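Paired with chain B in one complex and with chain C in the other, chain A is shared by the two complexes that follow.
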Partner chain A sequence: MNVTTNTRAERMSFWEKLYLPEIAKGLALTFKTMFKPKMTRQYPEERWEPLGSYRGRPVLVLEEDGERCVACGLCSRVCPALAIEVQAAETARDKERYPAKFEINMLRCIYCGLCEEVCPEEAIVMSKDYDIVFHSQEEAIFGKDKLLVPIARLQERLEFLRQYK
Partner chain B sequence: MSSLAFTLVKGAIALNFALVIAAALVYLERRISAWMQYRIGPNRVGPFGLLQPLADVLKLYTKEDIVPYNANKTFHRLAPIISIAVALAMLCVIAPASYVLLEDGTKLFIAVAPNVNVGFLLILALSSIGVYGITLAGWSSNNKYSLLGGLRSSAQMISYELAMGLAAVAAVMLSGSLDMNHIIASQAGGRWNIWFQPIGFIVFLVASFAETNRAPFDLPEAEPELVGGYHTEFSGMKFGLFYLAEYANMFTASAVMTTLYLGGYDMPFLPQLLGLQEGTVARVLFELAVFFGKVSVLLFFFIWVRWTLPRFRYDQLMNLGWRVLLPLGLANIIVTGAIVFFVR
Partner chain C sequence: MPTITIDGQKIEAQPGKTIIEAALESGIVIPHFCWHPALSVAGNCRMCLVRVGSYKKAADGSIERDAEGNPVVQWMPKLQIACATPVADGMVVDTQGEKTIAAQNAVMEFLLINHPLDCPICDEAGQCKLQEYAFTHSRGESRFVEEKVHKPKRVRWSDRIVFDGERCIMCSRCIRFANEIAKQPVLTFVERGDHVTIELFEGTEFDSPYSMNVIELCPVGALTSADFRFKARVWDMSFTPSICPGCARGCNINIGVRDNEILRLEPRANPHVNQYWMCDDGRLSQYRWVNTNRTSGAALRHGSELVPASFDEATEVVARALTDRGGMLILSGSITNEDAYVARKLAGAVSGVEVIFVERNDPSFGDDFLRCSDRNANSTGLRTLGIASASWNDVFDRISRVRPDVVYFVGADPFADGHTEWADVLASVPMVVAQVSNRSRLVEVAHVVLPAATYAEIEGTLTNIEGWVQYLQPAVETHETLRINGMKQSRLDKFGAPNDRWTHGERRVCRPHWQLLSGVATAAGHRWNYRTAADVFAELSETVEQFRRMTYEALREYRGIRLGSEPEPVGVVYQSHYMKPQSE
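On to the complex of A and B.
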């Protein structure tokens, strides 16, 4: 016969078997918890400010004299989700090249950060934007108008990249 | 005003009051459970989220009412009605306050059906009918999970009704009457039954948790095993009725416990201190406040326990019901009977 003796249930004392003291302990715990500070963040009003290491939506750096991007197309080639499309054009500036068209399909983007890693000019970086919404598929394709962000707002990320990249 | 019309008015007030309480309880349950889990809970609809239950009911009303293919249409429709009707019908004998003495010397009782000599028996009988609502819901849905939920519920309710009845018998023996007003009158002046019947009170409390299908006895709707239990196949306001019935049942169970063990609307010393004469409107208002104060303490306890204890396993449930609570209830009756017989 396969009889188990001296199990945990058998070793319990009378009060432990009665469970009532344990139940009272549990009730005391939940009652105390009621008055503790809450973890919830009231989202639309109270927003979370990510650190520089956060990989939000990729954006193009906009310097005082125009965009940094030279339209080399590396980001487009490295992108595992094929989300980036770049068309280069020539300009009279020192850099000679600029992207005539730069589009990121945000439905495809997987926020891996490879575009940022591969960029020789530090022109495409991950921003802190995390609540990205759109109402249609067309809206989800971000062009230069949405991608270009002034450099002042990206300082933290650029600092992070300089330190750890 | 004729007494029939007056009774109807009282009934209408009691019904609406109970439904409002049930809706408020849904809100409180969500809020308190949130606090116990370091959350905030519903706070967007109206001030402090107080209009949340209203929004929920509106949503339920506008939802599509889906009846499963091959379901028994009659019983599928009847089940939620039985559930809510039984939960609300029990309110008729509950006395939240005593009476107002009119100028011509007649007593205007506050209870919907005052001085019913089988009052408490009626409550036990009606709570037994409540099983039908849940069992029929499970059976008529033509869904194995619903059926399992319904079966569990009927087994659970029958098991715990025994313990509940036995616990109540001891309290009724002390009071010497089944009439709710008499039971309260016999506990006047702080001689509440809970002081003389602590074991009976605990047995009754545990059994009423099982009767109302609340955690830790919520096996009929055990979400992880049974999808949603007996109300899986109900949608829209049919589901809403089950939901309301659960909370109305909680309210009724609390009111019954208050009447039977906590002295009902009795509060020692305070009315004499405030100089409130029996039969005046002020006294009745005071008694209502006392009664609902006690009821809300119990209601909070119901919610509190639900968010503290995990669900029982089926065999543990049956063990507790048949091998612990039933013998305890029987022993309690014998001891109480002996004391009542030899001492009084």
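On to the complex of A and C.
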């Protein structure tokens, strides 16, 4: 039968076995931190504004004359989680096609940003929204009504993409 | 026979063939846009430029060799287009060398100068020849900074075809198709230089019954289908090889399916039957009825209402009526050989049951190319099996005279063919069985409804007007063939979960005719034990002389076998667009 004589407990000294000095050390850290400036904030009253590089929920860019998206379906193809469904239709505008249906299943979305990276029109971008709440599976499927965001609110992200994409 | 050397590979070529044809026959594809084996040679895209030469000969006639002993090739001073250069004995062709590739790259750069960068909008994206060669023969970045030429966009050539002048690369395939195959010479080039575009002659329309073939023929997305436009991306669909059931020709088609719904049909090459083409009518009319207005689930009539029933209950009722009182099986001429064989066997096994199939002739539909006035997909097959045929009117007269107790429609539907006078005679028949795939007035008057699967949902064989037996395979799922082994599915269809909305395409509760008929036979006390269509076909090929030695594998391999003949090898079949998701 193997009898070990070199476990951690066996190597500890008397004071270490007593634990009391360690408790004192821990309490000292606690008291020190109590008088340092606070790192936490009062969410949701106090909200954090992410930078342009932040990848929040994907949204569609809405310009003055309608959505930028031409429903090419590349985002849907590249999406590793198969979260995006696009159905194209014809429009009289110069762009010829637009998404008649654009749905992102936010239960599937993993915020990887590949849709944004692959988009040839810069029409789908990652926004700063990080608090996404829903109460049912149906609610989690975001349609065009929830996805379209005016371009003015996405300037920071578009600027970031222009610099680093 | 001339022997030529392509990239160091010795090839025996038929005299008179061009280099591109000889290369294709031995499996070498030389890049090209305008060349098509079924059309005349235009030689205007310049993509198939290759270096051509011959072995240098010394004064004594022997081939000169360099220091390492390799034969010395005397190259022509300029590159030649492979589509218009006939082969000659001793010819040496270089399709992979530096000079050839440089020339092809240059051609691509010129073609891309004025080609718009609108692949995200274009329906051809994902199956486009220009995209194919942009990967293999392009530097990936344009050096052209000037404004591209603007040309007419969204021009309607007819109510079926939309032309985009900017995307056109002037290969003239559509012009040659209109002149040579459709025999409707209404297209021409206008303008010069980079302003060249294609126009219709004044006051004409490109509305030939074969006009939509230019959509597949077009190497780019300049020609798109008004019917399909923007319905789906190519990579979101699965393409299953199938047979068009629109007439007795049996043109080979691909069925494009997404979300268990057929979105388009397109021709598939088969040198035996339809070469590379199909008619517009087949393409546009033979898929909607599979998608909509279908019967789903068996039903029995109680009073004025149809009450859902299980297949076993419904076939039990039919079997009892047939064995007790006899009746008449009225077959559609478009059911498969397997269906017809089981129907014939059922009529033989139950006394007092006669079997007949309905002719559907439309002389205004037929022409001297592909379209046949016989609108039944399989009348040759049914006649081969010895089933008598009659017109709707003859069947009507016979029923009025004989007054059978059971009238069992197998795929046939008088109301769908516009014979409304059947309502009265059917009202006096004690039992009407409607084994049909689509809802119509027949379902309203029927006592038993047995939902039948369509051509797109079954495995089976059809025999065309020239006796070619061709293989059908399922493209659309039913409730019973759910994800059967080997069925083609697009990525979305394959990986969708129940809470994804794109997976909600309808899966009908229906069965092939042979399965329903053998269900009736089982309920009548016969044990036939067919589990798959292949079981039926195996028995059919054993018992019917003309089908002897045919198997599904052989039918697939040879792209159809003619009744009573040995298989004919099909050779290399030309495929214009390579990048596209392949069906075979």
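By our rule, the second predicted complex is superposed on the first by the 132 of 165 C-alpha atoms of A that agree within 3 Å, B and C clash if a C-alpha of one lies under 4 Å from a C-alpha of the other, contacts with A are read in each partner's own complex, and residues count from 1 in each chain.
Assume contacts are C-beta pairs under 8 Å (C-beta built on N, C-alpha and C of every residue); 3 or more make two chains touch, one makes a residue touch a chain.
Fair warning: this is a prediction, and the values are worked out from it, not measured in the lab.
In the overlay built on the shared chain, the residue A:L107 is in contact with chain C alone; chain B does not reach it. Number of chain A residues touched is higher for C, counting chain B against chain C.
In the superposition on chain A, A:M39 makes contact with chain B only, not with chain C.
In the superposed model, A:G26 makes contact with chain B only, not with chain C. By the touch criterion stated above, A:V125 is placed in contact with neither chain B nor chain C. Touching of chain A by both chain B and chain C, each in its own complex, is seen for no residue at all.
For chain B in complex with chain A, the residues that touch the partner chain are 32, 35-40, 304-305, 307-309. Touching chain C in their complex are the following residues of chain A: 70-74, 76-77, 82, 85, 88-90, 95-97, 103, 105, 107-108, 120-121, 137, 141. Chain C meets chain A in the complex at residues 119-121, 125, 153-154, 229-233, 235-236, 491-492, 495-496, 499-502. Chain A contributes residues 23, 26-27, 29-31, 33-40, 42 to its touches with chain B in the complex.
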